[in-house]
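Going by the order they are written in, the chains are A, B, C, D, E, F, G and H; count residues from 1 in each one.
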């Protein structure tokens, strides 16, 4: 068999994730890319449960569970500690959910990126606080229902543009990814490993109970998010140079919306409104990628 | 006399600021623009001292002193409280230093902006933690000396691009300002007053002891920052549409650097390096403003 | 005081079943206390819930270690875990199963009754065929078999507690009530 | 134990003056404790500092309410505040002033000496002409006038404590020492 | 494969809550309602099912066929959905 | 203009640290080393000095001349620096 | 109206009945249902309130402060890690004299991660100046929120209503929802005399030197102490209006008791049948349930406990290196009493370890059996 | 080497001599000089350490945790608001068993804003499981940092070295800087047996149910208690090597004292000359200075205080509604003693109100004059 992603399994079976959990796949892929010389720190999130109760673990690398708001700062500390003890090789990875990244952890993250500490921050984004039972986060998309944004009053704000915020921090490397595209995700992690300084990767991780979908659709939906341009895959170098990882012909948004209970209440007009938002954003991305072309060419020549 | 800024003085004399304090002028102007129907909340910063000790105050409007990391969240709360009691008119203003904004307060600010709460956040930026005696903040410019970035190891990171970060939040209105240009600042505050939702204004406020300069140069330097393109004045609408408030012919960077003790140690090469950074950033801004022109024209037509 | 323990799997409605009993009992003017054994288990893992019923205010707030009776929402649990742990001799064990009570000889010493709640749930389209939600049906049967609570109160409780398909749930409860056979050994 | 109070304004080096004394005394092998009255005052506001000197370890850690002696770095403070508050009768008041001691008749009952530390500071280019830093000069004079500490130790302390212009500061201290006149009333 | 860890008392335990074994002690196969069944006829040995299994429950045998480890497979059905050849069917567990 | 507020005891005080007077009790003029002195000859009454005074210590008189309030002026010298006509000189305070 | 309700929903109902105007909260297990029900109530208009969906607990408390300072009645709820993250701002709410009411679900502190009950989270806030009510039934939770506002708004201090995670938060129980009219009569609209008001501008919290800071703290202390009486008064008034009376403590079979158990929250509830059993067996045992832990009802405890033969205190919390808080403080309260009884201290139920009736009996029986307490504290049920 | 040094610099020197490898800190008055000196030391290479310039105190503690978990010796320092903002993460450092050492400068809590000394900030962390040393001289500050590591690394628990703001932090005093060689011998390089190690991968802090959480807490308690002995041992060893001995408490003229003052920090220092005066006037007064407040030295206090005629405790902190912490806990420690002396409690010096010698005398004299303590606590010097 020709494997398209590394064969080695560092994460093991038996973990506590729900059936069809995208967050789990994200970890499986990440560890394949990063290898065993990796240390994780994990704030409160589904993964705090998925990894398993004391005295067990599923990840197969050292893992420091930490307080919800602290992932990035702990990673900075681990990095400094390792460096001082002479280990500059081991990958130090903060692994956090969207809540722990977009909301309560954004300050520590902003600090780590500003100092340009040599760590990889990976946000697996299931678009709500899942571990506590599906409450709104600032990563929850416009229109979605959660337990704190009931159908009558669905989420009114757009998803926070975390990659844009990271880019505004002039982070050396940031990228989006999706569990439906493991090869792409792994390629990006390899770039992150090679790039000195702070790196931020934002991976969409479908969540059947949170999105109110059938578990078997988890990958399909993560793929549709990309195909409908809802969640474009792209990279930004030095906070300025944009590159689309793929530019699929757009599928109808409704293909993505319909299978998801969290969007069930949306009217046709509301979906159309959402579609407009999606296109606007995608167009802007393409524009930015266009403008960055010369830089990538210059880089290639070097 | 023809006043170019409102005559009314809401802030009074007798406050505790150092001689030539730019932060104080910022407040004086802001209150002129905002008027007496304004409530301030103030996290720890020089202004916590400037305003005066219990039982005195210098601002002339209600002021809630608050914990360092909380300015934006308290403002959101005041807004909600006033709204619930039927007062939707009063301006609710978070007034914070660069440390309270760029560093320890960024999370609360990010939350307030994400929820698009109807408040004005004003960051007076003196480019370090002045109240505690000049320590580095993430707003401290590259190359500067502070008590935590001694000359031997001056600040290595560039100034965080807070307006860019706010723009990435799709904030309805954000702008930079300088105490040397009060008319411009007041104009921007008037726009902020009229714009529903969250607003962020970033005003450069010179600080003689912190910058190690003579107090009489405070305004001159704040002006030179603009004239040398170090601190451009611009606005961003809807997080996307850029407008330069002025586009002065560039004065030599050294004019700005030289009078400041905090930059005294910089070599010529280092100043040249800084100059390159300044130009790069300014060029990008101009580019963005160029691209936004059509939007402003369309807006004007309406 | 009556103490009842519920066994099921995450996603089957075990905790809701215990609440149905509580709400029904309260409607009859009695005192009740119900609570889950709260874990952080995801879908599919074993779940336990408890209900206490009394004629006076209930003060005891520890878990139930020696229940008077059991409800088993998922027969696959039998064997996987020791469901009867602590069960008082002579207590009821009401099992969701399409098999007759006599197929559970291991429960000698207890009063066993079965009800095919799964079929009833599927019939009324409660949950999916792969994962039917059986709580309404089993509580209907429980009312009939034990007589600890009236079907009217159960119907009302089911109605109140069902987030969707209220009527179907009530009907499932009623059907289970109507069809459940009270085993002879009941004294 | 000797207790000394320093009066000055923010920016003049009052706290450093008190430290110079402390460092000098410690160099002579005695025990010392020095601390500012810490406010959050900005430049220009009145500032107070304290020093205790003893031959044995100092345990008392409260403020000094009844100092034995005073140093006044800024003559404009006289009149603005009651500098002699609590001062023990017969204590020294050493004032930075270009006027002679007899121009301070209000300090009858105390021993007054003046030193033109400002001129010395300006001469040695310590601080700016508008805001000279007078601490080194006044401490040189203090050593001479009171004899509580030797000029050698003061010179070393000044050297250690001056962040810039170390030599100029030392010279200022020495010049003040050399030129200060010990008033006759000193017993 | 990890064994279940049992202590008698606190003195047997480590100082803090640290893992001493792997989650493979936790046989998540019991969560399953539906079981993936492979039709070797249809299978083209592309490995896609292996790639997308969140529970690391598919391995590849010597003949390059996917094999489901029923000790752990939770029956999510992703493999069946993602198989380009519909070579996996989800059948109800008894 | 605010008066200094004096209490005898805690029972005279408000519940919490709230301001009851204005900072104009605090005569910051004493901080001054240099005093701004206006040369009316040179002054063109542009108000720039007024505009940039951080201490709100310049007012405009009936004739539109700037007047410094020496009770509060800290002597920063901004007015002198910013005056387009060099109409203000900073002189040493005695 | 009679309902069966979980503890978390009782908190939400308490806030609704009190007509909370601003709610700022952040989700955390086991508090989420509080927030979810409130956001539903706001969405369907049954509660006219602004719900601020903050990005963290310190912003939840900060936004609550802002709202309260603006004069609105303000509610929030949290648990364990969330409460701890508020710590700095908790001090702030006290010093700013803001009558915020907050629910806290007692959950043990991490690490290791845990979600089960233990009081260390709220005990660790004992020095923040928040008034604390430890509840022991679903009904009491709801009623306590209402009473909390009544007290808070008189003393201008924040109040925490505390409940055990799962054992109360997720237990469904009979509960009477009082009529809104009657609650309105009991708890009228609040006019904050110190609110941020552009007609009377004032700065709040400005720098205060050693000259007056001490006096401001003294005022907090005096108002805190005043709340002791207010709890008794407002609890009686509540009883008159709603038929359920509350005070600083609750006693059970205390009159003739020679051995007295001091406990709180759900353990104090289970203690009743335990005491019934022991009484039947001839032991003169009684109960003092501490309901209000801050301010600590020292004087009342002296009255109730002095002269008894033995006292035992159960703590579901630990201050490492200094026993449990209820034990230490009960001892401190009775220290100078002439007839101070010997006092036993037990730690039990940390991290959600169940404390069943027989374990409570064990502790009482051990106390009865022993001559004098040995050492400082007994950890009940550690697997040694 | 003899130096005159301020308290803050003594903290920095303590960290330097201990060869701290990672420092993560955030500025706050009155701590800034600690950080400034350390960043200078890092910049000029005299200290080989990474200085992480974090964006807040909770990140300071979080980064410290990461560094300590990676096996590095880690130092930080803060004060008041900053300490409070760390609260959640303080609990974390304990539960994760990380031997971090932190300096805390005692400053009163806002609002109102203040920067002057008071112990409420660190007292409010008494339930976080941090060991706490209250120092009372500049020399002791430096020495305590070194000792703190020595203890912390044996019990795998974090230690806080506490000092009064200004009264110690900004006071310059004679101070002996020990030789680096000797410090290295006293405090060898630390090898953390539980560090994050890719050769022995393990997860730390995973979810723990009611089955074992209780036991993990018990282990913390036992190690906390073990540190009591370790303080005495390492303090003696320090004395042998450096000529300055430290223990859990320090006593002064205690032997024949019938009235004993219990105090801490700078008040306990000023108390010595006060006691000298009273002794001269014929009063048999002695002093117990509590140096280690967590774990609370209950047993030792029983030994030192039982049987005295009177004891008074001065607290520069307040737990609103429950007196000061030293008073309450000293009472708790002695409660079950047969010969428990009557105990007076005084609050003094909050918010930096100076506590001069004569005020200390007043409290002692009031105690001597009174028959029995009245009420719960006396606030000394409130302007009433």
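FYI, a residue touches a chain if its C-beta (ideal position, glycine included) is under 8 Å from a C-beta of that chain, and two chains touch if they have at least 3 such contacts.
These numbers come from a predicted model, not from an experiment.
Trainee: Tell me which of F-H and F-G has more C-beta pairs in contact.
Mentor: F-G
Trainee: Return the chain whose centre of C-alpha atoms lies at maximal distance from the corresponding centre of chain H.
Mentor: Most distant chain from chain H: C.
Trainee: Where centres are the averaged C-alpha coordinates, which chain has the largest centre distance to chain G?
Mentor: Following the centroid criterion, the farthest chain would be D.
Trainee: Where the centres are mean C-alpha positions, what is the separation of chain A from chain F, in Å?
Mentor: Between these chains, centre-to-centre, one finds 55 Å.
Trainee: Can you give the whole-Å distance between the Cα centres of chain A and chain H?
Mentor: The answer is 43 Å.
Trainee: Measure off the straight-line distance from the CA centroid of chain B to the CA centroid of chain H, and report it in whole Å.
Mentor: Between these chains, centre-to-centre, one finds 40 Å.
Trainee: If you average the CA atoms of chain C and of chain D, how far apart do the two points sit, in angstrom?
Mentor: 87
Trainee: Which residues of chain F are in contact with two or more other chains?
Mentor: Within chain F, residues 7, 9-10, 13-14, 16-20, 28, 31, 74 contact more than one other chain.
Trainee: Please set out, as single numbers or ranges, the residues of chain H touching at least two other chains.
Mentor: 29, 53, 55-56, 58, 81, 85, 88, 92, 95-96, 110-113, 116, 202-209, 212, 215-216, 218, 354, 382-383, in rising order.
Trainee: Which chain B residues sit where two or more other chains touch them?
Mentor: Answer for chain B, listing residues that touch two or more other chains: 16-19, 48-49, 51-52, 54-57, 60, 63, 65-67, 69, 103-104, 106-107, 110-111, 114-115, 138.
Trainee: In their shared complex, at which residues does chain G touch chain H?
Mentor: 58, 81, 84-85, 87-88, 91-92, 94-96, 108-114, 116, 120, 123-124, 126-129, 131, 204-210, 213-218, 220-221, 224-225, 227, 294-296, 298-299, 317-323, 325, 327-329, 331-336, 340, 342-343, 349-354, 372-373, 376, 379, 381-383
Trainee: Under the stated contact criterion, what part of chain H meets chain F in this complex?
Mentor: 111-112, 382-384
Trainee: Okay, in this complex, where on chain E does chain H touch?
Mentor: Touching chain H: residues 7, 9-10, 13-20 of chain E.
Trainee: Taking the complex as given, what residues does chain E use to touch chain C?
Mentor: Residues 28, 30-34, 74, 92.
Trainee: Can you tell me which positions in chain G touch chain C when the two form their complex?
Mentor: Residue list for chain G touching chain C: 2-4, 29-30, 115-116, 136, 166-168, 170-174, 266-267, 269-270, 272-273, 354-357.
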